[in-house]
């Protein structure tokens, strides 16, 4: 095995060690001890808490290196048939190392291998995972008691992701996929004594099972038709109903994991239920398996029917709009970021839909344009989402709350996390010169190529999706402005206009300031993580020609690298694969914008003759005099209220005022105001189905009678039915 | 002119409230409530608008009482009046629903009226954007809608009422003109009517015509100002400019007539100080040109559908509420309270001049208020033409009759552009002992709390402009000693309850 | 266009009898052989002009604004023209940066509503101050000149001071209207309601009840140092109607 294969194996082994370490963290024996001993013990315990995550960081680094190696064309293989080891890597589309084997349980004949596509996703996922692990280590060391099991869940998640990305046969893929689902359940349900978390974990698990079921059905169908379990052999299934069904099932299964409408209802609450940076693992690292699966489906099974591509595009547009509409009006920080994930899914799948349309024509350049945009957005999502969830974990720890109205002005209390939040928001809002701007530009440009598509239906669908994506970009600005303005830059806890009544009596005695600051990822690993993630968020845009080259190498199993490299018009200038349409130069942007700023500042300083340095500090100007009861300036809820009204069609906003009698909440209140939104998909699609399913389940419970003779009878009936089925099918 | 009668005196305050409630139920309008400190206690006087005049009923609270039963639970229109009594005299109206200081700085935090998630209060003022008078609006909002609004009006209190005490009756006109400057002529008229009623004189016919001419020109200017502010709120630059130009022309016309752009110095007790410097023919010609230009632009403005849409349904004042409160001026007329002082209680030359049909618009929203104002502008030009015609024929007659008043008390009124202005003047030894100006702004401003039904923040300037009130008219108590207005609450007392030191004596001239 | 009252300068000494109590706001004082009329206290009631047209007349023209409070008293003291020139020169130096364009912020400290009308009239097409580079702004942070109207009530003292403090240097304060200059009819000897001068340091005083828009504009241009014939051209023109004829139009 080559060095990179060793890196793969080492990474998986380290993850196993991390899980083991976490599960067997020493039990504390109660005994009397002195102060010095207590401090030593606490320091040791902090190390113990952080150790699994540090191991995980090392493992992620190894796996990222593996990915880089696979991307460069080196052979990466662990396990599998001897005859398939070594050898020149395949660079043609749809190629995977490993010959087809018997269709029996592929254990031992499949093994793990990474080609360029896997390498790309390994690099993306585990690059982000390294930094998230560092932050996780810092967070675990500084917050709370020993959390046994969280590290194991985290290691399981990462390990399962690695196996999915490097699986070569259907069985390994499914096994790892289910492990990801189990890991998600463990992570989301970790704080199961907090309200709402068990339900969220259950919903996450349910949707994970649904995706697993869809994948199982699709893969088995393909395995049956192609005669082997190896993924590479599925491309040889002849076109027909079986292939289309399998495609639909596979796409649906992967779409559930990434949260496409109508499967997005689990994402926001599932992510919000997980503790701390575990959310970053789920949303920034593990979600990439879904995208990898979609890319791999396109690579293996090739073009999809036109109606499927159109349906995917429409659903992607809907997902984007629904996601950002909900993100704009949520009151909890984690839910805002969770719904932003849904929006990003919509954007990524819009690009993927363009690639599907291009594959159906077939037009290599269109496929390249779509996939390039989608992959760039995947990278941006991975990095920015990890950064956002990491920063929000720090903010939640420092502010002791998740509510946007309670965690204001964090730039003073938790400066590192607040900066991370600001940079992540800038990226996801698509503002230049961050990398989110580059990826959204590519996406919109890819959607604008609809005039090159021959069919009218395709063109219409592409145009509609383009409009939806543009609308989403606008509302993303509103959403992230609220986040940055209120959480990062808002008035501090005791500043003017805070939710507490103005006046000297508003001190918060619960959190001594020193302790609060300490909770902000104050360890060195956490700060390194935030710095690296921010640099990645901002820097990927700056070095986008390099990123395009890397992506083109990674996409070569799907579309020739030459086609993708058509986006590089010149060393500094990018174009959307088609030449003569439009250009963008993020590198120059990174030079020009700071230079212009510096010019303006210099000219202002020179022209003012030194007056700019004479600063007189005065309080912020407010014309009003005495205070008012309650908040005196915009709350986060109030800031989102216009969005709630404008998007009332999507959110089904209901606002009502009613008379109330003065009560405890406000001694003098006479009118009560409330405003509610509902999640339309959940309300109109799932809730009506829920009741009949519950009725069915109650009926089915009768089968569990607890009587031994009933169970024996069931076994007999099942045996007879199976015999009959097998005989009939033979 | 009806002879003046001494105010009817009730036995006690509850009896007085009984009478008042009966009268209001019978259809009379509650026009004001004031207090006068006398040797035998605190005298509360209630003004009722009856057909043909204003009646004053009085009751005395004996000295040493800390409070009196409040009128507000039975008559909501007395809400602000009783708060003002409390601020000025320190006496407590028992049973008053919300007894915070109105015309003095109040407690630190104004209590909340609306509960709910994410609600906050936008404190708008007293220094607001644009060139406006100082008043503070506390808007409780969840971010876009306005479920409730509070007002703080104490910023501009100047001590007008106390300043009147001890002035000669001749100087009192000057102060009356400067109470609510944009309605100078109307305030001067109301004050002079009160003095003329005490003296029992009637101004000569040419003087009455001149008074009508100036009053109507003032009305045109004020209504143009309201329309200009509405157009400015809607960001219609051309309309704002043109209406501003017309207003400027009206003010210049007034200046050519009497030397002052606001008609000051014209109305004096007993008549007017001089004839207009413009001859009637010239006045007619100018007024004709102005009317044509104004009405053309008004038509163009009301034909702009984007502008009219912003006013339709905005800031509705329900008719029952307007009638219950006795809303004055165009605000009341647009909600169906058809009470015009020039018609129901005519004064000066109005009994002989034709007023024309009253405006039919009564939907109660901002659009109706603007339409009522355009109708009044037309009506004003009609009256101006009639007055100028009559002036033409008026021979050389004296312009004022002697109006020396030794002692007495009467109420005078006039219809200002904002509504009815009431002056209750008591004179002794030729000097004013008590002068109470009750402007339409004070009576109507409290209705601002009730007109925000489902409107959003961007509708706020329209509603405020459509009321067309002047904050200066909410005049107040002793303002010269800053020490007097310091609020202090006695230790151990209920929070927020403020007691005041007794008012200082008026500054000797 | 009628400004505050002024002296004709033709009255003889014995005619001073009977001036006591003539002016309701106490603008006229006579001591010895001289009559003094403080235009900053004149509320334009016209009583003095009507009763003693030999001594008093209306001033005409917009040029009543002055950079010093004493300069509003007619007739001027002998040393006033020099002091006035000095004050104008100081003003010009302070406002060197505001010469071409100036932003105004208005605060109402208890006026009767007419000064606001006159200030707003500057924006209508008849006066149109935008063509002179004069703009109104909502935020004190962007403002150069603070226009104060009204007698300076106790309630507005705090907000007025805060608005003044929020303005960046160089900044000027203009007291517009007799109420703001001296309190007018509300003026008390004990300081409160005695005009804006008791609350803020005022740089330009514009008397009039209310001052008409041209007078306000003159005051703004004086504050911005844009009037021709400034400090370099000698003393400011005399504001008494003493036959020099320069100011009467």
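General remarks:
Note that the chains are named A, B and C in the order they appear, and that numbering of residues resets to 1 at the start of each chain.
As a convention for this text, contacts are C-beta pairs under 8 Å (C-beta built on N, C-alpha and C of every residue); 3 or more make two chains touch, one makes a residue touch a chain.
Because the structure is predicted, anything quoted here is derived from the model rather than measured.
Ranked by distance of CA centroids from chain A, the top chain is C. When C-beta pairs in contact are tallied for each pair of chains, B-C comes out on top. The geometric centre of chain A is 68 Å away from that of chain C, both derived from CA atoms. Centroids built from CA atoms put chain C at 29 Å from chain B. One inter-chain figure worth recording: chain A and chain B are separated by 64 Å, centre to centre, where each centre is the mean of the chain's CA atoms.
Annotation for chain B: residues 105, 126-127 touch two or more other chains.
For chain C, residues touching at least two other chains, in rising order: 139, 159, 163. Residue positions 622-623, 625 of chain A each touch two or more of the other chains.
The part of chain A that touches chain C in the complex is made up of residues 616, 618, 621-623, 625.
Per the touch definition, chain B reaches chain C in the complex via residues 105, 126-127, 129-134, 154-160, 163, 167, 171, 174-175, 178-182, 184, 225, 241-242, 244-245, 247-248, 251, 255, 259-262, 264-265, 273, 470-473, 479-482, 485, 507.
Against chain B, the residues of chain C that register as touching in their complex are 1-2, 24, 43-46, 50, 58, 106-121, 123-126, 136, 138-139, 150-151, 153-157, 159-160, 163, 184-186, 188-193, 209-210, 212. Residues 105-128, 136, 138, 141-145, 147-148 of chain B are the ones touching chain A in the complex.
Residues 331, 405, 497, 501-503, 622-642, 644-645, 655, 657, 660, 665-675 of chain A touch chain B in their complex.
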